[in-house]
Amino acid sequence: MEMPTRIQKPRKPIYPYFYLLPGLTAILFSIIIPGAMTIYYAFTNYSLRHLQDWGWIGWENFEKIFVGSNRGEFLGVFSWNMQWALISTIGSALVGLILAMLLNNKRVVERNFYRVLLILPWALPSTITILTWKGLFNSSFGPINRMLGSIGIAAIPWLSNSTWARATCLLVNIWIGYPFMMSAFLGGLQSIPEELYDACQVDGANGWQAFRHITLPMLRSIVLPLLVSGFAMNFGNFGVIYLLTEGGPFKSPSVLAGATDLLSTYMYKVAFGATNFDYGLASANGLLIFLIVGSLTLINLSMTGAFQEVKE
Amino acid sequence: MSHSPSVRLKKKTRIFLSINLTRLLLIITCMVVLFPIIWMATASISKGSSLFSSTIIPKNITLKNYINLFEKTKFIKWIRNSAIVTLCGSLLALLETTTMAYAFSRFRFKGKKNGLMILILLQMLPATVTIVALYKLAVFIQLQNTFLGLILIYAGTTIPFNAWLMRGYFDSIPFEIEESAYLDGANHWQAFTKIAFPLCLPMIVVVFLFNMISFYNDYYLASIILSGNDRYTVALGMRFFTQPYAENWPMFAAASILACLPIVVIFYSLQRYLVQGLTKGALKG
Amino acid sequence: MFTKSQWLRLAIISVLIMGLVAGCTNKEEVKTTEEAQVEQKEPATLNVWILDRVGTDAMAAVSDVIQAWAAETGNTVNITEGNQFEMLNNIPVAIPAGEGPDVFMTVNNYVGGHYLGGLIVPIQDSFTDADSYIPGALDAFTVDGQLLGVPVAADVNALVYNKAKVAEAPATMQELISVSKELTKGDEYGLLYQIDSFWYSYPFFSAHGGYIFKWTGSGWDTSDLGLNTSEGIAGLQYIRDMVTVENLMPADTTWEVMNAYFTEGKSAMIITSPTMIPSFKEAGIEVGVAPIPTIEGVGTPKPFATYTGFSVSAYSKYQEEAIDLVQYIGANSGKPLYEANSGNIPVYSSVLNDSALSSDVELAAWMSQLANSDPLPNIDAMNYVWTPVTTAFQTVVHGEANAATALAEAQELILQSLQGITQ
């Protein structure tokens, strides 16, 4: 609800648009027009073979995805993509929350030092860190398995077994994603008045009850928007899989998709694999991903109420 | 309430335990989390050609990878290009985002209800697909292979989500302060620039930081708009080290460590605001 | 400093002189009239893209060659250096948009697609130098009988060994395996390479008679696949046996591991391309190069070869000059490219007879491997080959499938996908 005081605020019809104009112009040129062009491309055969004579082909690109030679792969990739986005988002939020609570212990005097270190995965270019993880996780030569080996644990096929590879990818993605969540939670925790906890203690509540009835509700409004946008971002992630496994390990019968392929990496192979450039097909795939992410986001928003203030 | 000495002692031990348990957990986490980063730093000072070394302590320490970076690549130029694009892009985005967010928070206009959400949904069209359209558009408006073109695109693509965050922050600032300015004869622009904008500083820093990090690490948009070694940004230039035919991991590691320094420094100096900005904006009920 | 008009005058004079010199020395009369026509033309301005693929120093070397052409002909050349993937991925959008280069460095597996898209022009009609290139180099740039680029360097995998560990390269694979077994103990290996990769293991597959598409002499027959054949199966089994029977190396050896171990002296022999040699030498390894030895009683391993070259944009306003430039680059950049970075194996015959290079034993080894190599098919049907073939190689080498089933499945999938495309 609007605050009653705002009823009196100046209400001329035109000037609000002056404030919107710079932003809307930028959005028009960098999101709306390219977006519209991309949607149009999705229904054309714009590709390396038809650079000069490309034109409207209707639903053919979508048919290629669902009923063409690659049929069946899309659904498998999609279901893993959902799991990936859910686990990554919740996982990095959980890790971020736990670390934020540890860091929020004011009695640990050097906590800023830890915070500085723990934020590094966000600050480093992810290309190099992902490639480093790839080396560390090699099952025969990787330092991780060697260390495990020295304490008597058999080699784990981190990246060469389908199930393990998925877990490893998730681990790396959470490693990249938690610092952002941690920073947000830390901000939230610091904004909770100390008195609330004191009062709680007087009432004889234990730590878990304090967490359940004070911390979580107070953090909710911070978490929800970040979870919703985090989900959308993870859903469309490209770099982690592309650099870590290239979609592999592969299992027969896969034409293009491997065990860890996400829609984005799969789409990339479909449209730009080898020296093939099929912009129409890529756009159709992109449009599909957009429709999926968009509707999931809408569902998320209405379920969690994270966006209520905007809708009012 | 008074405690008997034994209870007080118990409480002291409990606090002592909790501090050190927290400390222990944090140290362990740091070690786990920093493991790959230490590995990478080691590679950047080791001889040879591989990031994947079989020992964590390099046998031969060398600074050659760092020296090569400056002598054999255009690293300094890339950093300069990145600085231009990142700073200008972030500033422009900030200007556009703030005015838009302010309008969504304070004014009434057609489309206020669902406008922002529609924009946020539009933002979710994957950039990996729209790059071809962006390229054609950039050629059409004659900004292909210019920093200005990239800056405009950067600024545009991040507005919706950030405007949402910032709108929440403006909402949390009581309107009464501006109201009193209006009573003193100020117009809406003065109310915005003199009162609301300064009050919004923590959130402005947050948005600035988010944008900076994402522009600085961007590869896709830069790769389609900028062309040629002299125009590359750091993220784009560093691709040179990851080619299958010329993979040079130590140099890549060295470049990454140097490249992340500006971000780390800016991040830490602005960290205080980051916490404030995120909190207030989102905590608005 | 020269003013603009002085530059112009200088340019015109040099064009005239060049034209005269060319006209006097040229033995072909037909050429002379052509040169005369060029003489009257306005100097052209050409945009040239070169790729980091050849190495930083080599980019400078090839730039010098291009500028020398500009100075000789009086034309102007603007050179843009860039990243291979970024530049080549931009070609299909940049060239039609008028933002592309007139001449650009390319890789032979791209030319098929670029030609289909009408981005590059065939140059065989004005190409006078065909006999000067080593066999195979021009074929790699030929699609449907059209020459689509001029090669400047080749890249191929061969056996690279540490002389301190293996005094001389083994003559046969049988010998290599027994030598390797002796050297493999603990964390040290005799032979180490990315064995589960189709790309790196292909030589042993081809030695047995396996192939991807049949080469008809003028093109690739995409209906004739050589994966699910008795030869192909035997090839993949041979590769698998190196892991499971001979225990030479773990199945998940990666490229990075191989380089690290070789650099640290913990691997005696590897299979790699010439680009890596300088860094091995820098690390103090005594490097030897030899062709991958024959499998006695079976055949000679043939790795894939790829070629770097230059193509001419179909949208260039200066076709004649551009074609002249690529020929010039082809004839003059072999030696400087190799000297700047030994990863660029020369393909211009006269360069190989150069006194400085003819005694280069390493180069001789790369050349003899190149003579025993298979070109990588330069058609876009390859897009549907990589994943199925990679799957087959990975699962078999890791012991998760048997060679016959895996290759049968791979071949079936590829044929299905290709049918889907042509329909």
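Think of it as A, B and C in the order they're written, each chain with its own count starting at 1.
We take it that a residue touches a chain if its C-beta (ideal position, glycine included) is under 8 Å from a C-beta of that chain, and two chains touch if they have at least 3 such contacts.
These figures come from a predicted structure and were not determined experimentally.
Among the remaining chains, the Cα-based centre furthest from that of chain A is the centre of C.
Of all chain pairs in this entry, the one linked by the most C-beta contacts is A-B. Distance between chain centres (mean CA atoms), chain A to chain C: 38 Å. With each centre defined as the average position of its C-alpha atoms, the distance from chain A to chain B rounds to 15 Å. Touching of two or more other chains is recorded for residues 89, 254, 256-257, 261 of chain C.
The set of chain B residues that touch two or more partner chains comprises 51-52, 54, 132, 136, 249.
Under the contact definition stated at the top, the residues of chain A that touch 2 or more other chains are 135, 138, 141. Note for the complex: chain A touches chain B at residues 3, 5-6, 8-11, 13, 15-17, 19-20, 22-24, 26-35, 37-38, 41, 99, 102-103, 105, 107-108, 111, 114-129, 131-133, 135-136, 138, 141, 143, 175, 183-184, 186-188, 190-191, 218, 221-222, 225-226, 229, 232, 236, 238, 264, 267-268, 279, 282-283, 285-287, 289-290, 293-294, 297-298, 301, 307, 309-312. Across the interface of their complex, chain C is touched by residues 48-52, 64, 68-70, 134-135, 138-141, 159-160, 248-258, 269, 272-277 of chain A.
Across the interface of their complex, chain B is touched by residues 49, 52-53, 55-57, 80-87, 89-90, 93-94, 97-99, 155, 187, 254-257, 259-261, 263-264, 266, 273, 275-276, 279-280, 282-283, 343 of chain C. Across the interface of their complex, chain C is touched by residues 47-54, 59, 72-73, 132, 135-136, 139, 144-145, 223-224, 227-230, 232, 236-237, 239-240, 243-249 of chain B.
Those residues of chain C that touch chain A in the complex are listed here as 89, 92, 96, 109-110, 112-114, 116-119, 250-254, 256-257, 261, 380, 382-384, 386-388, 390-392, 394-395, 398, 401, 406, 409-410, 412-413, 416-417, 419-421.
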